[in-house]
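Encoded as structure tokens, here's the structure I'll be asking about.
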Amino acid sequence: MNKITIAVIGCGTIANSAHIPAYMANEDAEIKYFCDIVKDRADDAVAKYECGQAIEDYNQILNDPEVDAVSICTPNDVHASIAIDCLRAGKHVLCEKPAARTYAEALEMQKVQHETGKTLNIGVVNRYNESVNRIRKMIQNGDLGELYHVYASFRSHRSIPGLGGAFTTKAIAGGGALIDWGVHFLDVVMYCTGDPKPKTVSGQAYCKLGKDMENYTFLKMWAGPPKYDGTYDVDDFVTALVRTEGPTISLNGAWAQNIGAEEMFIDFLGDKGGIRLKYGADFTFYTTEDGALIETTPKFNLGSMFQNEIDGFIRCIQTGEKQPSHIDTVILSSQIIQAIYDSSDQGAEVSLQPVAQNSL
Amino acid sequence: MNKITIAVIGCGTIANSAHIPAYMANEDAEIKYFCDIVKDRADDAVAKYECGQAIEDYNQILNDPEVDAVSICTPNDVHASIAIDCLRAGKHVLCEKPAARTYAEALEMQKVQHETGKTLNIGVVNRYNESVNRIRKMIQNGDLGELYHVYASFRSHRSIPGLGGAFTTKAIAGGGALIDWGVHFLDVVMYCTGDPKPKTVSGQAYCKLGKDMENYTFLKMWAGPPKYDGTYDVDDFVTALVRTEGPTISLNGAWAQNIGAEEMFIDFLGDKGGIRLKYGADFTFYTTEDGALIETTPKFNLGSMFQNEIDGFIRCIQTGEKQPSHIDTVILSSQIIQAIYDSSDQGAEVSLQPVAQNSL
Amino acid sequence: MNKITIAVIGCGTIANSAHIPAYMANEDAEIKYFCDIVKDRADDAVAKYECGQAIEDYNQILNDPEVDAVSICTPNDVHASIAIDCLRAGKHVLCEKPAARTYAEALEMQKVQHETGKTLNIGVVNRYNESVNRIRKMIQNGDLGELYHVYASFRSHRSIPGLGGAFTTKAIAGGGALIDWGVHFLDVVMYCTGDPKPKTVSGQAYCKLGKDMENYTFLKMWAGPPKYDGTYDVDDFVTALVRTEGPTISLNGAWAQNIGAEEMFIDFLGDKGGIRLKYGADFTFYTTEDGALIETTPKFNLGSMFQNEIDGFIRCIQTGEKQPSHIDTVILSSQIIQAIYDSSDQGAEVSLQPVAQNSL
Amino acid sequence: MNKITIAVIGCGTIANSAHIPAYMANEDAEIKYFCDIVKDRADDAVAKYECGQAIEDYNQILNDPEVDAVSICTPNDVHASIAIDCLRAGKHVLCEKPAARTYAEALEMQKVQHETGKTLNIGVVNRYNESVNRIRKMIQNGDLGELYHVYASFRSHRSIPGLGGAFTTKAIAGGGALIDWGVHFLDVVMYCTGDPKPKTVSGQAYCKLGKDMENYTFLKMWAGPPKYDGTYDVDDFVTALVRTEGPTISLNGAWAQNIGAEEMFIDFLGDKGGIRLKYGADFTFYTTEDGALIETTPKFNLGSMFQNEIDGFIRCIQTGEKQPSHIDTVILSSQIIQAIYDSSDQGAEVSLQPVAQNSL
């Protein structure tokens, strides 16, 4: 079989730490282009991985019929436009999360995917995590009984990424802790609970600890170092309550907060059993048996989520199969995130239910 | 000075574990009556404490001019009526929390207190807790900077009290985990943050783990043993999001849940510092200094909240001073609790702001 | 069947919190005497439990043929002499832990028990704990494979009992943290691991935090309040390493230390599985299965160890059965404790193995 | 100033993760040789770092007068011989920890350093850790009062490195968990407590969980993958008790154990204060003040220990200064480790005190 020819658009942190190494390790994939508007980053990738060609303008990719597929690892503001351009140019697309800055953009991406029929997967990489998949099966099997509530906590002491850069500029990223981390947590919730439709969303997002950039104290920084002359206008704390057709969902999230406990977990509460998933790691299952309360924590090799994601993307292209990271699967969480931001702006709950038809 | 003559109405768990021993230890107080509709309980108290007189009907107290003050330790359903009767009969009243089953009842109690001018304190005993008072002062002093969010977690694995009895019967208790535990947590939040007026309340309450009473697994039970032929129709899990004129408040609470971690704490999030109060115990203060993140946990002798509460009540009677547990101080939390239950019934957020005037 | 007639000698904290209530709840037992050299304490017990007779001199018990059995709840210094007197007077004896201040005293007690044939149980109450018994069975069943090491940690931040009183006076108590707490931990270890004979013992005991009594900071105190004019000359920290015919045992123990973590647990390390027993509570079993690491924590109702202990003692008397708390079962741990103190005095390891016979 | 010319001998995990990147980042250092008996590893380094020359035989380094200094990153068995050869050839040496497999080898290395006067630093990298240095100063300042005991816990669930390879072959590594991890923990203890001379050492080392290599379950492996046809004859668990002229030291260490808690810390117990150092991270200081117990945890940027170590080595060469990682500073911990293994072999405590002189 011919190798799938790949172009990587955006050669920053996530490309180098995840996408590119995974393509390099996939025997069916071959990277032809490293594209970045900062040419040095593209050049560095060519040097480091000893393959491909460094370019600045992704139109060159659109026009090259040899390219089968692209990974979009750019800031969020151009996810939608590049993905749409690529799909229309006949390329398969794997686009980093969040799909887009807004729900409207995500819907547009979905529409073009449906029109073109090309693959459009989103980087909801937890769907390739063994813990997450075991939990999903347990819920489907009824091991938890009726699932009535899920609490997602993504609270870190000091983890603002790239202070002053693309991550913390609303016009580019679309948001902060909620859209960057919350998107993963909500995705796990929706994936495991069977995509229940949201009905009401109330939330509040705060831009606090990073705002006074000079005085933001931290020990290390992802996608750093800080750009103190940049912009910081996104949420570093968010809280929300979501009613769905299934369980209610509450969440508290912080890129940074003046509380030292790192609480990165999702609690699934059922009337027969419950599960706490430690994000990115193992989980504990709580149940009862013969009058005793039982806690069980299996720890297993989680493998590499990113490798699984890339391998899955390549298989999509080869076989046409639909992966759990298909754009269709992230529309609801995109809608919820949008609604949290909207609710925060309005200071009131947002209803997502269709207006009742007049019965006349 | 003459001793203050006390009647204790309701001789169950809270009377025996808190009120009566504290009166016994206060040199200015003397218990004249132990009243309980279950006469045996009143008799037991007389025998145990070797003082007072056992009675069944609290009207005898109303009619005895020697009685200065009463402690109401009954189930919640008769808090309001007994408190009002006592106030109108010229007695000072210390009423256990929650003030009442509903916001309407609480308002009625407040009204009668204002009319009669007699003391009406509510058993919001954390206001007599040294940790809570230190936190309140730190917030007032600005040690936390701007306080933007408070998260209250009162989640226990298996702590339903008196399954099948007054605690779990809505008609009597008014509710479950929220009204029984949440009332304490919300009270601490309101007390420490300066009683910010609530604006919107969205919440959902669930009656799940105790519903199948026979199969509710537990290791020990407060106010037990279970009455398996009784009623269980109250919330054992609750989640809510409250916007106020000050910080937003989110909460998750469980008398029982299929998650084993006991998470009983309140997080106060400020932009300069933060505090985690471990409920009933010490707290940790998080701040920054010279580029370092600093966590400090002072552990001190908390004294007895209940003794302080009773001593404060006696002083109110003697001096006319207003204690922080005055009925006026719990009206806002009563309103919030009511709104959470209302929101849960309606499946939508409740607005507590005055309706905008029509401008014509 | 006639009731067993009991005398309680020593009416302090452990008598009131454990022995007496358990006798009161046992239908086959009846307390005839409360004996204490501080007459008030005996009087208080008579008043509180509404039975028995208060006496000061235990000889009265020895001379009363109606008394079947005694509970010895005195300070450690008179355990041996009273127990021996009682046995020789034909009484069955339940003696609080430690059996005695020294190994020599314990051996003497055992000798007299063997001579008289009367029951002599020691208050090693963990042998009546459900968690401990489950662990013992799992080890016997081979669930842990070969057990090679046990680590016992009984380290508390601030828990010196009765500062300045009997607990902290070496002439009375025989020692401090090691003899008071360590005796329980070593007893659990020996009981669960099949009483392996000790071969070498190296240990060091320190008298540090309580020595400057006035400046010892604490939040609460068992068997308090402090007697600042009393004596403090016992160990508040101890460390030891013991080789046995079975697993090695290491331990660190502190009644008080300048480390805030409360670490009260015993780790049983086997080559197939391991167990951490949280002292007085549940345990976690660690094993492997199909390439995964599995942790399981069952939580069950532990019942009342003290009730089980007293009920067991009554059954011994009625049926002649030998309980796991028989004096024979605590001789090895008594020997180890003695050897730790001896090693500490000598600053060197003590060998407990018989000197090799000269083969000539 | 001319650059210092470096040769790296041994191009495995520690060279690539620590030494080489730190040399690359030091402006005064230049790597001329990458030496490895597996030529591919040397070639890979040349390719990766784009400098230097790949060689197999370190004699080439000895004979090249341009080489100023070497880093020895080989398995432990050739530490001593290579270091001695290099010193005698006039090179400065930074040798990875442990200095050697045995105390005798370490003494020989020290002797040659003294003879040649060339720098011989050992990779006790924690001496370049900010937390460790702060603790050392606090102890020197008397903040802990009299330091009487130190407990070192280096216990991991599943962390055997390079199963079946050099790390787990006694003839090569000299030992397992104790010599590989314990050397770091003991070094921190000795460094912070002022190098108290050891007096007695009792210890026991076990080779258990890795012995049945095929069935050793793990989630990830440093210096892996396993070589199932290799050797596993080293300790994966060790316990010891050490008396010194200063505090006693107890330790429990496990590369692997059937207990899931990761407990990597050192507790320093003083009579005025105490410190728990979380290994490789921050520490908590426990003290008392005005009747309260105070815990303080400062979290600061630890910097890169390895960079500091390499920078310090370069400065040694430039200025002749003596670094805290000088071979002289690790002799006592080397002696203790040797004594633990000896004690384990003998099943009895080892005395390290000079035999008392006969006084005639």
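The chains carry the letters A, B, C and D, assigned in the order they are written, with residues numbered from 1 in each.
The definition used in the following text is that a residue touches a chain if its C-beta (ideal position, glycine included) is under 8 Å from a C-beta of that chain, and two chains touch if they have at least 3 such contacts.
For each chain, UniProt lists the protein as follows: A, B, C, D = Gfo/Idh/MocA family oxidoreductase.
If you're wondering where the values come from, they're calculated on a predicted model, not measured in any experiment.
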By that same contact rule, can you tell me which chains touch chain C and chain D alike?
A, B
Between the pairs A-B and B-D, the one where more C-beta pairs touch:
A-B
Counting residue numbers used by both copies over all numbers at the interface, does the chain B-chain C contact come out same (over half shared) or different (under half)?
same
Whole-angstrom distance, CA centroid of chain A to CA centroid of chain B, is 42
What's the distance between the Cα centroids of chain B and chain D, rounded to whole Å?
56
Quick check on chain B: which residues sit in contact with 2+ other chains?
219, 260, 291-293, 295, 297, 299-301
Drawing the touching chains as a network, do you get a line, a ring, a star, a complete graph or other?
complete
Considering the complex alone, what residue numbers of chain C touch chain B?
219-220, 260, 297, 299-302
Show which residues of chain B lie in contact with chain A when the two form their complex.
144, 146, 148-149, 151, 157-158, 199-200, 202-204, 206, 208-209, 211, 215, 217, 219, 237, 239-241, 243, 248, 250, 252, 254, 257-261, 267, 269-274, 276, 284, 286-288, 291-293, 295, 347-349, 351
Would you pull the chain C residues touching chain A in the complex into a rising list?
289, 291-301
